[in-house]
Amino acid sequence: MTEGDPRTGEPLLSVEALSTEYALEDRVVRAVTDVSFSIARGEVVGLVGESGSGKSATGLSILRLLPPEGRIVQGRVLLAGRDLAAIAEPEMRRVRGGRVAMIFQDPMTSLNPYLRVEEQLAEVGVLHLGLTRREAIARAVALLDRVGIPDARSRARGFPHELSGGMRQRAMIAMALLGNPELLIADEPTTALDVTIQAQILELLRELVKERGLSVILVTHDLGVVAEVADRVLVMYAGRIVETGSAREVLAAPHHPYTLALLRSVPRLDRRATRLESIQGMPPRLDQGPFSECTFAPRCRLVQGECHAKEPSLSPAHVGSTRLRRCIRSPDEVSG
Amino acid sequence: MTDALLEVRNLSVHFPAAPRPVRAVDGASFTIERGETLALVGESGCGKSTIARAIMGLVPATAGDLRFDGAAMPPLGEPGRRALLSRLQMIFQDPDASLNPRLTILSSIAEPIEITEPRLPRKEREERALSLMSDVGLDRTLGGRYPHELSGGQRQRVCIARALAVRPELLVCDEAVSALDVSIQAQILNLLVDLRERFALSYLFITHDLRVVRHVATRVAVMYLGQIVELGPTDALFDAPRHPYTRALLAAVPSLAKAAVPQRARARGDIPSPSNPPIGCRFHTRCPEVFDRCSKEEPSLFELTGERRCRCFLVEAERIGATNLASASGVITAEANRADLGKR
Amino acid sequence: MTASTGPWADAYRRLARNRLALGGGGVVAAVTVLCFLLPPLLGLDPATTNPSLAHLPPGSGHLLGTDGLGRDYISRVLVGGQTSLLIGFAATIASVAVGVLYGAVSGYYGGRIDEVMMRFVDFHYGVPYMFLVILIMLLFSETARGNPLPVFLALGLVEWLTMARVVRGQVLTLREREFVLAARLLGAGDLHVIFRHILPNVAGIVTVYGTLTVPAVIILESFLSFLGLGVKLSWGQLVAEAVGVVNPIRSYWWLLLWPSVLLAITLLSLNFFGDGLRDAVDPKARR
């Protein structure tokens, strides 16, 4: 079930019932199961979860950047009417870096150490915008300047190792923007950076969203980042979306026990908690086939008999609500 | 004279390099009392990990004095270190690399006992190790497993059990929870707090994550480029940070509830390299409150209150109430700043 | 709950899944068994000469034919195999032992000791191999020529270098790993650290490189024999003799074929097995 877009107009990207599997040497892991959501223009959607939740795999699936053992086994990824999961690779290559761009976690390895910075960025301009090399480089330098790299002209002529971690991430963002994308998928873009640099990068992203009407899917494990930057949030667990809604609402009053437990396990900056809530047990294995119960049931505080009968579907708590959750309990029971 | 467990006085650790040595730590001083938890917090290049290593004897101090319970702390390998080994232990960031992949976890936990009490019969040694496993919340049946069969959180518990095997008094936790998922992090933090009570431990908690600091530390030392820039009790420091870097740090933390710091307090630009720190106040190149004096002289750590220390001309000026000081040297008057800071 | 699996058990399972490696191992095992068991069992005699039976093609009586002196060829090939394989394994074990010890000490202590030790290795690498071998052979008197010992020495002296380098590299990395630091922080002595922590974690890569050293040694030995510097009876020696009687009039194809084939399949199989072992032992080789 796709989520309705609270604003008027068509969603930019619509993911429908996406499922992705990884075929390892002795088993098959279903990293993403039945993920559906959409994102509107100028919207920042936070895809949040812990490791193994499927958040990164979802991002990679959208752009078909999965490793050789990964493949989309079900679902559609609709961008302006075209199903990205189904189109041929040459066409997909035009989308990647063009209409949809991606930035990754580790700025140290995301840039080619043997090419000058301007070369790498210019490549995008030449391939996706049909610019000449000179035009592409000029555009690259302008963007490097926009993302806050001081002395952009001479930095561009230099090599990646001459840039700090924060600068490299900015260069990545510039590179992603060069093709004029409508959607940016950012996979843990600030996790490897220092805190003060992290804040700068997040602020940059916010500005770019406002300036260009850029949509962003922000994959992160950090609820604080979601609170700072995202309009809407999708909480993932065991490869599924377990809760969606506006960031403010979900973080203030979650409708799913996992979201609540996650919130309670994060230490707060404004006061010392007497004891952090921790979630007993571990996430389930994703290589055992379909689930006959709610994936969170073994660890849930509010589990009841019915939870073991079958997996709940992602549905609103009341009719007409745009907040969805994969739980049979009522929101009051969850937060009460 | 305090009954401090650990005393660090003017510690400097410089690493030889060309063209200039890397001044990883420069003149750091702090103490840890029995039963307290001091957090060392800061970003890349601040020197917090180096301090940990110097305390553990893994890295020689270039200058300064280290004392544990009054006794000198020579580097590892030198004779004086032997006696200290079982009194302070360390937990590392990466639970993967911290365990020998070829040893069962029972062997890993029992190893310290094997080394320090070689004459203890194997049965007893294993029994002690099993009991430690229970202490850290690990199922005793997991003893025969190998590290790769356990989750990250479980591995970190094994590391903690191993560290506790020699019954230390001080535990140095070097980013001990940074590599763990949020919910697992919570488990380990809870465990560390519990163990502190049960075994009367003191902690030196090294981290870059301010949220964790608030939860676990009694006192905090904020570091930048090898120096301590602010030091004080946790609650006081978080509720009313004085040093511009501390404020910038707090402003930068992506948090569900914003700390009491306005957005304008953000730090600009990149973190300089420890091999080439800025002249004068090391933070001045990024400081939102910088004025003239900052780029010329290096401020020293002064006593703000009995328990608070700060390394900043601005804060010092305010405290002395010397409004002339700031206005004479430059751009902003102390009063204007006070008004500035007062705005929430 | 699955049974606990150690890193060795894990590696074993991975190896068991690799058909090519298993095949290779099986072939080597089969060849070894044939070479060592068949001659005594069947009472084969590689040495008795009988000029009247010279250069007989394969047929009844002599399964693989006879050589120029009428000696039964199948006996010579199998017994020759014994020598080739023995030298292969023995020289490998020796070079592994020396190489591991050397590399471990060099890597663990580092600094000056490491520099000096590695310079010695570098120097050794620079000396032309053939020069060394000839030197060694000359050190032994005429009667000792053809004897496996000098050959064994010459081969062992070359192979340990690579092992030393490989082990030193591994030890350098391991030395900085946190679990080694943790052991040192507990007061573990150098010997404890080396034997408890460093060597077990090097064992994997040593096994792999050791297995791949065997074919390297066998080929070196064959080469030496081909040049006339080898032992009296080995596959290489047989190949050399066979090449020596090549003439445009009569072809004694069986003299060249049998030892060459056995040499080739043994070397190939050892390489497959060694490759499979490397994939099985090195977890990073996955994906």
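A, B and C are the chain letters, set down in written order, and residue numbers restart from 1 in every chain.
In the analysis below, a residue touches a chain if its C-beta (ideal position, glycine included) is under 8 Å from a C-beta of that chain, and two chains touch if they have at least 3 such contacts.
Only a predicted model underlies this, so the values are computations on that prediction, with no experimental measurement involved.
J.: Farthest from chain B in C-alpha centre terms, which chain would that be?
T.: Measuring from the centre of chain B, the most distant chain centre belongs to C.
J.: Per the contact rule at the top, check every chain pair and give me the one with the most C-beta pairs in contact.
T.: Answer by contact count: the chains A-B.
J.: Could you work out how far the Cα centre of chain A sits from that of chain C, in whole Å?
T.: For chain A versus chain C, the centre distance works out to 53 Å.
J.: Centroid from C-alpha atoms only, then distance chain A to chain B, rounded to Å. What do you get?
T.: Spacing between the chain centres: roughly 32 Å.
J.: Chain A: which residues touch two or more other chains?
T.: none
J.: Would you give the residues of chain B that are in contact with at least 2 other chains, written as numbers and ranges?
T.: In chain B, no residue touches at least two other chains, as defined above.
J.: Per the contact definition, I'd like the list of chain C residues that touch chain B in the complex.
T.: It comes out as residues 4-7, 10, 177-179, 181-188, 192, 196-197, 200-201.
J.: Okay, in this complex, where on chain A does chain B touch?
T.: 50-51, 150, 164-167, 194-200, 202-203, 221-225, 227-229, 251, 261-263, 265-273, 275-279, 282
J.: List the residues on chain B that touch chain A in their complex, please.
T.: 43-44, 151, 181-187, 189-190, 193, 208, 210-212, 214-216, 234-235, 238, 248-260, 266-267, 269-271, 286
J.: Within the complex, which stretch of chain B touches chain C?
T.: 56-58, 76, 82, 85-86, 89-90, 92, 94, 97-104, 108, 111-112, 115-116, 144-146, 148-149, 159, 162, 166
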